[in-house]
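Next up: some structures, all given as structure tokens.
Look for chain A in each of the two complexes below; its partner is chain B in the first and chain C in the second.
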Partner chain A sequence: MKKWFKTYLPFSRATVQAHILAYPFETFMYFFGMTIGIFVVYYIWKIIYATGGYNLLEGFTFHEMIVYVVLSFAAMQVTDNGTVWIIADEIKSGNIIMNLIKPINYHMRVFAEVGGITGFLTMVMIFPVLIITILMVKIGTPITMMFFIFSLILGVVISFLFDFIFGMLAFYVKNLWGIGFGKYALVRLLSGALIPLVFFPKPIQGVLNVLPFKGIIYTPVMIFLGKYNSEEILINLLTQMMWIAVLGLMNYLFWKKAITKLTIQGG
Partner chain B sequence: MRYLRIYKIFLKQYLKTLMEYRSDFLIGMLSFFIVQSSNLIFLTLIFKRIPNLNGWTFEEVLFIYGFSQIPRGLDHLFTDNLWLLANEYVRSGSFDKYLLRPINPLFHLIAERFQPDAFGEMIVGLSIFGYAYHLLNLSFTGIQWLLLIIAVLSGSLIYTSIKLAAGSIALWTKRSQHVLFIIYQLSDFASYPLTIFSTFVRMILLIVVPFAFVAFVPASVFLDKPYIPLGILTGAIVAFVMWFISYNFIWKRGLQVYESTGN
Partner chain C sequence: MIQVKNVTKDFTIYKKDSGFKGAVKGLFVRKKEIIKAVNDISFEIKKGEIIGYIGANGAGKSTTIKMMTGVLTPSSGEITVSGLIPHENRIENAKHIGVVFGQRTQLWWDLPLEETFTILKEIYNVPDDAYKERLDYLVNLLDIQAFIKQPVRTLSLGQRMRADLAAAMLHSPDILYLDEPTIGLDVLVKEKIRFAIKDLNEKYKVTVILTTHDMSDIQELATRIMIIEKGVIIYDGSKEDINKRFGNNRMLELKIENLSETLLQEVSVMCHKKDKKSIVIHEDVVLRITFNQDRLAVADILGFVMSQCKVLDFKLRDQDIEDIAKRLYAGGIHEEVV
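Presenting the complex of A and B:
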């Protein structure tokens, strides 16, 4: 375990330094830019609760809805941590070969890199939101917060494993930007980051329940809001773990097939 | 005329690379299609709970939303290289080449890239627009169609001017993608009725970064609920003023202070 940390932790540190700390002002501006979307959604929900005269909409009070919007946004930033870009870019540029010949696990190294970003963003985005929510808005408790963090970590792993498979699309297409952007939009919709999944018609909810995306955003956020009882929490956490196993196996199989076929042009 | 011919040559070159990677073209389009459709799904789902959004019916909101994607897509199709100006051209030194050719540097910059991903936005925009047009039982006269075209072109010009202004900042700072990103994100507000936002937000979108004129103001005219009098004319004037300021006072000034990063 200690050796493991010693091997992979430097990758985390280096990525955080290169992508966040090297240009702190720019990074801040990007996050500020990303939050603009939240304001649009905020105004829309505000009007909905006001014109509809709702106290409770699909089980959400207005305040809970806003916490849902903000927290699912923050969770989206934390889970969408650039895995697709790293893999797609290494495949395209041929740098992947230099990383394959090193005596370290490829998946682990990429996970360490993006995990650094995730950890950093969790510190600066998720924790402040959680603490402010618990203390000022009086939604959520330290206990639901603990379960949220645990569930979010599982969500991060699910997202990583899914992104890894998605990034391997770069073997076939060059439009990395399109891949990354499309994936973001798709996950945002299916994971409940755009609108809580209970708003979908029942049959579609049934489909979304058996897809892995729910475990990335919806499950942790609903746990934090206290919408699940202890039994439901347990079932949801187990579902998340099951998806990690399934996606992990898929990764293993695809990867084994992909690298035996890998041809590098130039390199 | 000469510029039109040059643009054709650039475009032909670009289309050749496009044919080489046909799947990329489809993926890019599909991506923007997913983005736009997911917003549409959001609207559909929330309108199940409310009869109208601050006095705007579902059909009217669709009309505004669809409308907003058309000028956005049009600008995206032609001027995507402004993003690269903001991101890397100045810093990497490759901006020099635009200054060394006997054509207008801005024309060269823009002509060099053609972004078919934008078709995703335009297809969704036109479909939603057409659908809303049908649901609302609208029937535009010839003059209204003409006004519509003017409004769409003005909207695109507003997008382009804003992108040019923010992208040109890179001529001073080497990089301005973050500035462009923030300002571009504000256009999210442009796809919805302006009246649902607070006064502060409205003022920003009308005066500071005039995205309100891209879709909402003209759409409100076509929906017979004009937000301001002479909306389309005002929009066109705003577009020209924006372009004039961006081109003359920011882009051209930027070229004068530009220093190559060299290599």
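Presenting the complex of A and C:
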């Protein structure tokens, strides 16, 4: 374990370091963009609640809805971390070879990198936003907070494993841009990043329950909001873990197949 | 140390017809074509050898190296490197090899060079004191000190290549794969890199597999030459024996007073009678004859020409690797194999 950290932590460190060195302005703009995004959605919901005169909408009070918006935004930032593009780029440019000549596991390396950036952004931006929101609306307890963080980490892993499979399509598809954006929009919708999943018609909710995307954002955020009792929390966490196992296995099999087919252009 | 047995690597490419119609058609039917990038090659490499692996663009050099490093899986045949099958034990194999691809870099683009070295130390788990000693040695050898604190993206190509070579050697690998490490470099940097490779080989018995288009790299470094053409290894042996394999060719240059068309014709006929593949050309007053000395004696040519006209000067030259490479790159050296 210690050796494992020693091998892969440098990738996290280097990426964060390079990120800060190369993009200080972008890092700031990212924060700025996120804040604007949250405000836009905040006002939309404010109008919906006010004009409809609702106290509760599908079980959400206005305050809960705001926390949902902020948290799902933050969760989206940490779970959508560019994995697809790192992989697709390296496969397409052939630079993946510079990783394969090293005694490292490629999945681990990519995870260390995106995990590094994610951890960094979480520390400097998402935590502050989160804490301010919680202090303002006074929702959540230390216990739900703990389960939320644990569930969110599982969500990050689910998202990573899914993105990794998606990125490996670059072995077969020349240009991932188009379907990459399609995937992004779809995952946002199906994971509950845009609206809580309870807003979907019942049959669709049934389908969403058997897909992995719910575990990326909806599950952790609902846990935080205290919408689940302890039994439901357990079931949801187990479901997330099951998806990690399934996606992990799919990754293993797909990678094994893709790597023997690997052809590296140029050089 | 390295065994390659009957290794073949096929790539499947899908051909599309040109133009819009072809593109649309390509959506439904794709013409499959199989390229044998490497075709049934076999060789063995011993510890401490420096292999000069040459061949024209697309001959299959990089594909061979990628298979030996375990990045690509052979379509058939067997490779073992220090007892391991590289593509099955990629990670274990990677611990003992260093690789430089001239067109790529393994350095962290946005970080100071020094940082890359520190990261590599951790990835390869190099102990502190061994690392310090090694780094000192490499920094001196490749003259890196001056730019070690600069971000990699600010380095010149020559600096970057030296840094890449150092990076590939930090963990003291037994085998060093160098795929066109001198491409695009000026003479001085090339000199430095050659010196470093030689030093590493002599001091640490590092086995080197080097591809290059620069024959002076080969001349200076290689202890053994392998030539690959269209996926097939057509020569594997010493620098000295190469002439035997590719015809004992020589070139005779004669400076002649009043060189006439008739004379040219006559010399040409005379030479071709004995060596059908001899080449007679002229530039101003210089007559240049390339011939196989097993078939045509220098004395015969000289005697014949001198009986016809006045020779002002002459030069006789053995074919060197450069000539062989030229013919090789021009295509089809095997046609001239005797």
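Throughout what follows, the second predicted complex is superposed on the first by the 249 of 267 C-alpha atoms of A that agree within 3 Å, B and C clash if a C-alpha of one lies under 4 Å from a C-alpha of the other, contacts with A are read in each partner's own complex, and residues count from 1 in each chain.
FYI, contacts are C-beta pairs under 8 Å (C-beta built on N, C-alpha and C of every residue); 3 or more make two chains touch, one makes a residue touch a chain.
From a predicted model like this one, the values you see are computed outputs, not experimental measurements.
Trainee: So, on chain A, is it clash or fit between chain B and chain C?
Mentor: fit
Trainee: Figure out whether A:Tyr252 sits in contact with chain B (first) or chain C (second), or with both, or with neither.
Mentor: A:Tyr252: touches no partner chain.
Trainee: Is A:Leu21 contacted by the first partner chain B, the second partner chain C, both or neither?
Mentor: second
Trainee: Using the touch definition from the top, say if A:Ile104 reaches chain B (first), chain C (second), both or neither.
Mentor: Second partner only, chain C.
Trainee: Contact-wise, after the overlay, does A:Trp4 reach chain B, chain C, both or neither (first, second, both, neither)?
Mentor: Neither partner.
Trainee: Which partner does A:Leu262 contact after superposing on A: first (chain B), second (chain C), both, neither?
Mentor: After superposition on chain A, A:Leu262 lies in contact with chain C alone.
Trainee: Please work out whether A:Asn95 is in contact with chain B alone, chain C alone, both, or neither, and reply first, second, both or neither.
Mentor: second
Trainee: Working from the superposed arrangement, determine the closest approach of chain B to chain C, counting only CA atoms, in whole Å.
Mentor: Superposed model gives a least chain B-chain C C-alpha distance of 5 Å.
Trainee: Across the complex, what residues on chain C touch chain A?
Mentor: Listed in rising order, the residues are 11, 62, 66, 69-73, 87, 90-92, 94-95, 97, 99, 101-106, 108-111, 115, 118-119, 122-125, 151, 179-180.
Trainee: Provide the residue numbers of chain A that touch chain C in the complex, in ascending order.
Mentor: Against chain C, chain A makes touches at 3, 6-7, 9-11, 13-14, 17-18, 21-22, 94-95, 97-98, 100-105, 259-260, 262-264, 266-267.
Trainee: State the interface residues of chain B toward chain A in the complex, per the touch definition above.
Mentor: Residues 21, 23-25, 27-28, 30-32, 34-35, 38, 41-42, 45-46, 48-54, 117, 175, 177-179, 181-182, 185-186, 188-189, 192, 196-198, 201.
Trainee: So in the complex, which bits of chain A are touching chain B?
Mentor: 25-26, 29-30, 32-34, 36-37, 39-40, 43-44, 47-48, 51-52, 54, 57, 172-175, 177-179, 181-182, 185-186, 188-189, 194-195, 199-200
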